[in-house]
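Look for chain A in each of the two complexes below; its partner is chain B in the first and chain C in the second.
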Partner chain A sequence: MIVSTLPRRLAVVIVVAVIVAFLSIKLNAFRDYQIAEVAYEVTAVAGLTVLTGLSGQISLGHGAFMAIGGYATALILLHLNWPFIVALLIAAAVTAAAGAVVGVAAARLRGPYLAGATLMLGVALPAVAYAYPATFGGDQGLNVVFTTPAFLGANFPLTRWQAWVGAAVALVTLLLLANLCYSRVGRNWRAVRDDDVAAALDGINVALARIRAFVVSATCAGIAGSLLAVITALVAPGAYTLTLSIALLTAAVIGGLGSLPGALWGSLLIILVPTYASDVATSHGLSSSVGSNIPVAAYGVILILVMLAFPQGIQGGLRRLVALFAGPMNRENEPVATPEHSEKEGSS
Partner chain B sequence: MNRRHRFRLSAVVAVSTAAAFTLAACSSSSSPSATGTTGATGTASAGSSTAPLTASAPGITATTITIGSHQPLTGPAAPGYSEIAPASTAYFDWVNANGGVYGRKIVYKYLNDAYDPTTTASVVRQLVLQDNVYAIFNGLGTPTHLAVVSFLNSEKVPDVFVASGCECWDEPTTYPETFGWQLDYVREGKILGQYVAQHFKGKKIGYFYQDDEFGMDGVKGLDDEIPASMVVSKQSYVDTNTNVAPQVAALRAAGAQVVVSFSIPAFTALLKLTSLKLGFSPQLVVSDVGADPITLGGLLEAFAKQAGAKVNGNQLTQGIITDGYLPALSTSDSWYVLFKKIHDQYDAKEPLDGNFFYGMAVAYTFVQAMLKAGRNPTRADLISAINSGLPQGPMVAPFAYSAGDHDGVTGAYIGVINNGVVVQQGSVLVTDTSATGAITTYTGSEQQAPASGIPSP
Partner chain C sequence: MVEFLQFTLSGAVFGMVYAAIALSLVLIWRGTRLLNYAQGGMAMFTTYVAIEVIYRTGSYWAGFAVALAAGIVLGAICERGVVRLTTGKPPLNAVIVTIGLLILLEGLAGILYGGQYRSFPAAFSIIGLRVGHTPIGVSRFDVFVAVAVLVTTLAFAAVFKYTAAGLRLRATAFNPTIARLSGIRVARVLTVGWALAGLLGALAGVLVSPSTFLYPNSMDTIFVYGFTAAVIGGLDSPAGAVVGGLLLGIVLSYVGGYLGTQGPDLTALVALGILVVVLMIRPDGLFAGARLRRV
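After this line comes the complex of A and B, so read on.
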């Protein structure tokens, strides 16, 4: 099996970082904002795609974890005035703890039952903000103050700084995730996903593997929530609806479940297609009843086309294309579950 | 087993993505155009100044004023509310065809946020950072607009006449660029509450309200006027759960004879239909936001049809007590005559209902503000124009606007729905937002619509 090495992944990260820096300077302020949006989206989707694609668990409640990360960041920045990076790390830790709690329950549930439980989380948790308006600001939420650092000068656009911070956080998260997925932890997830009985017979602690996947995935969502908070300068319960949770899952599926590059393709689609489609719709002078529905329709059509053409998502489709040209030798690149598990999961 | 699990997982994924579509599913209105640039080139305005028109601010050129907005054109809030921006566009088209604002045409670009705050954050940045709009006008919704209010203020973009009655827009020190417009829910609650306390003495009162800033502001106003001893039950709903049977059953069990409802149209309809099903028929008192008879009647008929029953919307809305701050839908009113003329010319496919009036009236107020801001206004000129007060125009009561108060209209009349039309009862009442502030009869006269349909500068 050909495994990407750390230097290779580092090189990819640096190339992407350079591209982002270049684009952020070349494009206008709104496009910078969109880069930042893609960054938070890809962070959350990457976590979800690992959970669903590698560990075989589903979550319809990742919006709730984003809410936890967002509120943690907002509260720290508001009351303690610590630097953003510290707030981000604490938010990630808090979300990881929440993910562990949910993960313990999730490890005992499967398929539709797990979907139902996480759905409940996604719907119920943001409502906590209404219950404690003194702390969480109720419907109005909390304002998040995030400014450009002084060394960049007074005229440095805020959206460009947001794009840089977002992209940096997303890339580091993706790099860490990629290493994790190809390590023993990731192999155990795939083994559990494919056949939990066989995995257990091989000495893998199935429950622990599932909980780990949930913690990792929730942490990513928490980091994404933290980014979302500083990008939109606000945390409010209205932002973390069920629609958000399902959009994350949609991006993961469209991109290709279990694939980190796929998470990027899915996020790009989710963020860019609606804006592009509505630009096209308004510039062609369509009536608003038609124009306003075009982004929704375009989104639906793309989802259907991708699923028809590439049942394994965009990344799966790309892999098939590469395989067509490069010949069958390269097919081993696909992250498939290896039947043999020479390494044993540590006891717990 | 392995295969079965995989199948289940993919089934769940498929079902949930399908659910995403249902949530995003569209129900939007039909309207002629998204931007208002039709009409003949305006002749020079009759203004005394003849200074040349310049590009005095972002979004303003020698010939155009570009403004933007976020509106729910699809999604759960679209029914009814999606008619508002096309109505405003119709008014701007009328103004553009009749000389414009000092000769400039208003270009109104409104983007769909589907009532989703994350999308609002994105589309408003697109309007401000990429499309360079002069101002954000009539952004619709409390949770949605809250997502952009601090951004707009930090960018110093005028954020005028927000389409929500939340008290959160009246914070001139924190949000100097933001102005409310419609009657805020606290004032509305006080006016409805006083009517209930006076006309239903000794009766048992129940509350039904949306569990957010809208409902809670309304309840605050109601509690200022209705003695706590009269209130037997307070029930709230969340707008994502359409089963209101538990709340209605609780109101019925408490013996409520009058139910005061701070609800959006869909939930007023659900309250009414669920009450019918449970054989419970209290007197309904409903906030203006959820009581437009045409929208409500249509929803009642549609919901009943889904459940396999046939009802008459007008029969079911008969006798509902509400309030109004916009001119009455009566053919003798000068504003009705004007708005109907513009409706028939520019937006005839839409129903001539409360939402249409809303869009017309708020656009009229904007033109008033722009005329006051001067021939070559900066963004700050618009803010100071509004801070120095605006004439009430089509509204039944004056605006609160001053440097220290960014609330909109300050009063309303009580109305009763009769045969699908809100009939005014008594005179217009005005009040403030404080718990002790008196509710007084408005003594000033209502303004007549100008013959040209355009406010004078």
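After this line comes the complex of A and C, so read on.
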């Protein structure tokens, strides 16, 4: 499962791209929309899993960076009418800058204090849209115009184009992230995560490494926010709630913290389970208040169960499964236990 | 000047509610080094229990008592039944498990009670009190809110300081291994800690719901501000939780009061500002003690 060199990573990306292209043509418009949803989700979750899993910093407010990316994209498309790819890059740059500012503050904080600060960031920033309705459209938000390009013909479904754009952006982001994680930058993050004093003695600039992780992670979230804006054709504060920020962290942990394939498993779970559960509920003809809440309750139960059954997330569980079957044959592929920082010894 | 007094007093009342949530978080944090993200959800659920009891019996106080009892039971169940199972796993797993609990409780509340907004009765009149002819910004019920939280806090402080059970709780928070070696049943003490936190949360839920309405997500905002208050004060300090809650409540009341129409939209931003300023000066909260770092 561990993709370690550039050609192998490229091969994986191409295989996934072919699968997505095939699925997007075979499946209906709603499923295409879900592919696009998974694409933006995995982009944001991948950035967060790198931040939390590799550099050891938690964020409960990544929805704020998605909001920045989304509003930047919407404002550029609305006022300047530039092509989407330009808007996407500018949105990424803007969120990178925001990530640097937050990262400088975050580098001083640890554990629950960082969690508290980022949680408040995630709640506070989208509220700016309410406070300045002239610029940000207030509660209603801003509409985003995104159409299929002319060369695909008039009958090409918009959702399929959205799925393609989303998947392409997500895959490129993941490829860049994977390279970064296995470079010196990524090694420094891991060193800082495991022991910041030892890392500093090794000549690593601890604060800079932490800030850099925040910038990278925020940029991914900004790109995801930009995708979300064109997929839903709308940016409104209601889209960037606390629930979104928490869902991102949940997906990262459920998938397997620090693992990019894990980010994909987590995103699939977060996007598909609620829809699936509500399909089941409606097909059993349950009343609306019960039917709309059973998926919520089921989602909560699944989070708890996955966390208890797979302490290292889905990817960790898969790795163990692979090791179980392939274990005796190739010893060097044995899973390396990631260090667990329990702040206290087992207490019950 | 009168306005200033009104905003201060009404802010202090909300601050006491934040303080109650913050205290419940501090209780659990000190015992288990875990932030309970389900605290708001637990409070919401016990408040629904209270409203059912009040409708059935017609007595506010019956609902009030049952809510507090339900808080104790729910806290103990969550610890024993779910959170206990994460012991020895990475700390973030426990965080996600409490988030799962929160989502489960909100879903259950929606299934059992529906998603619509419900009004919750207040124990006393909510008409503003006056001194002479000037309104002072708080009602009889607000006074009750402040007194209820204050009395509970002092009672907790007394229990912690003067009783054997309190000593066991403090010993477990200080060092679970040594506590266990001294013959304390650490597992049982942790359950008691969660039960007490559940009680505090239930109290906060019953006290705040007359002014926020009750719905499955109604405690989310209160939880966020309670969490912020706990972080401002320092998660290891009960006194910090109360000071953080009051500080946050009063400042946010000024923001809501003085900034006119934009005020309500900016309260979260101002709370973020306070949090950032405090944490930049004291990264472990206002009341943080000296910290030992092992290399």
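Quick note on the criterion: the second predicted complex is superposed on the first by the 320 of 348 C-alpha atoms of A that agree within 3 Å, B and C clash if a C-alpha of one lies under 4 Å from a C-alpha of the other, contacts with A are read in each partner's own complex, and residues count from 1 in each chain.
Rule of thumb we're sticking to: contacts are C-beta pairs under 8 Å (C-beta built on N, C-alpha and C of every residue); 3 or more make two chains touch, one makes a residue touch a chain.
For clarity, every value in this text was computed on a predicted model and none was experimentally measured.
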| item | value |
| --- | --- |
| Clash or fit, chain B versus chain C on superposed chain A | clash |
| Touched partner set for A:Phe30, first chain B, second chain C, both or neither | first |
| Chain B versus chain C as contact partner of A:Arg110, first or second or both or neither | both |
| Which superposed partner A:Val128 touches (first chain B, second chain C, both, neither) | second |
| Contacts of A:Ala298 with chain B and chain C, given as first, second, both or neither | second |
| First (chain B), second (chain C), both or neither touched by A:Val253 | both |
| Against chain C, colliding segment of chain B, chosen among 222-230, 294-302, 420-428 or 438-446 | 294-302 |
| On chain A, positions contacted by chain B and by chain C | 52, 58, 110, 112, 115, 123, 127, 130, 195, 197, 242, 246, 249-250, 253, 257, 289, 292-293, 295-296, 299-300, 303 |
| For the chain A and chain B complex, residues of the former touching the latter | 28-31, 33-34, 37, 52, 56, 58, 60, 110-112, 115, 123, 127, 130, 138-141, 143, 159, 194-195, 197, 228, 231-234, 236-239, 241-244, 246-247, 249-250, 253, 257, 274-275, 278, 282, 285-289, 291-293, 295-296, 299-300, 303 |
| Complex contacts: residues of chain A adjacent to chain C | 52, 58, 105, 108-110, 112-113, 115-117, 119-121, 123-125, 127-128, 130-131, 195, 197-198, 242, 246, 249-250, 253-254, 257, 289-290, 292-304, 307-308, 311-312, 340-348 |
| Residues on chain B engaged by chain A in the complex (per definition of touch) | 1-2, 5-6, 8-9, 11-13, 16-17, 19-21, 23-26, 28-35, 73-74, 82, 85-86, 109-112, 116-119, 121-123, 125-126, 129-130, 142-144, 146-147, 150-151, 154, 168, 211-213, 216, 238, 240 |
| Chain A partner contacts - residues on chain C that touch it in the complex | 29, 32-33, 35, 37, 82, 84-93, 95-97, 99-111, 114-115, 172, 176-177, 186-187, 190, 216, 220-221, 224, 227-228, 230-231, 235, 262, 265-266, 268-269, 271-272, 275-276, 279-280, 283-285, 293, 295 |
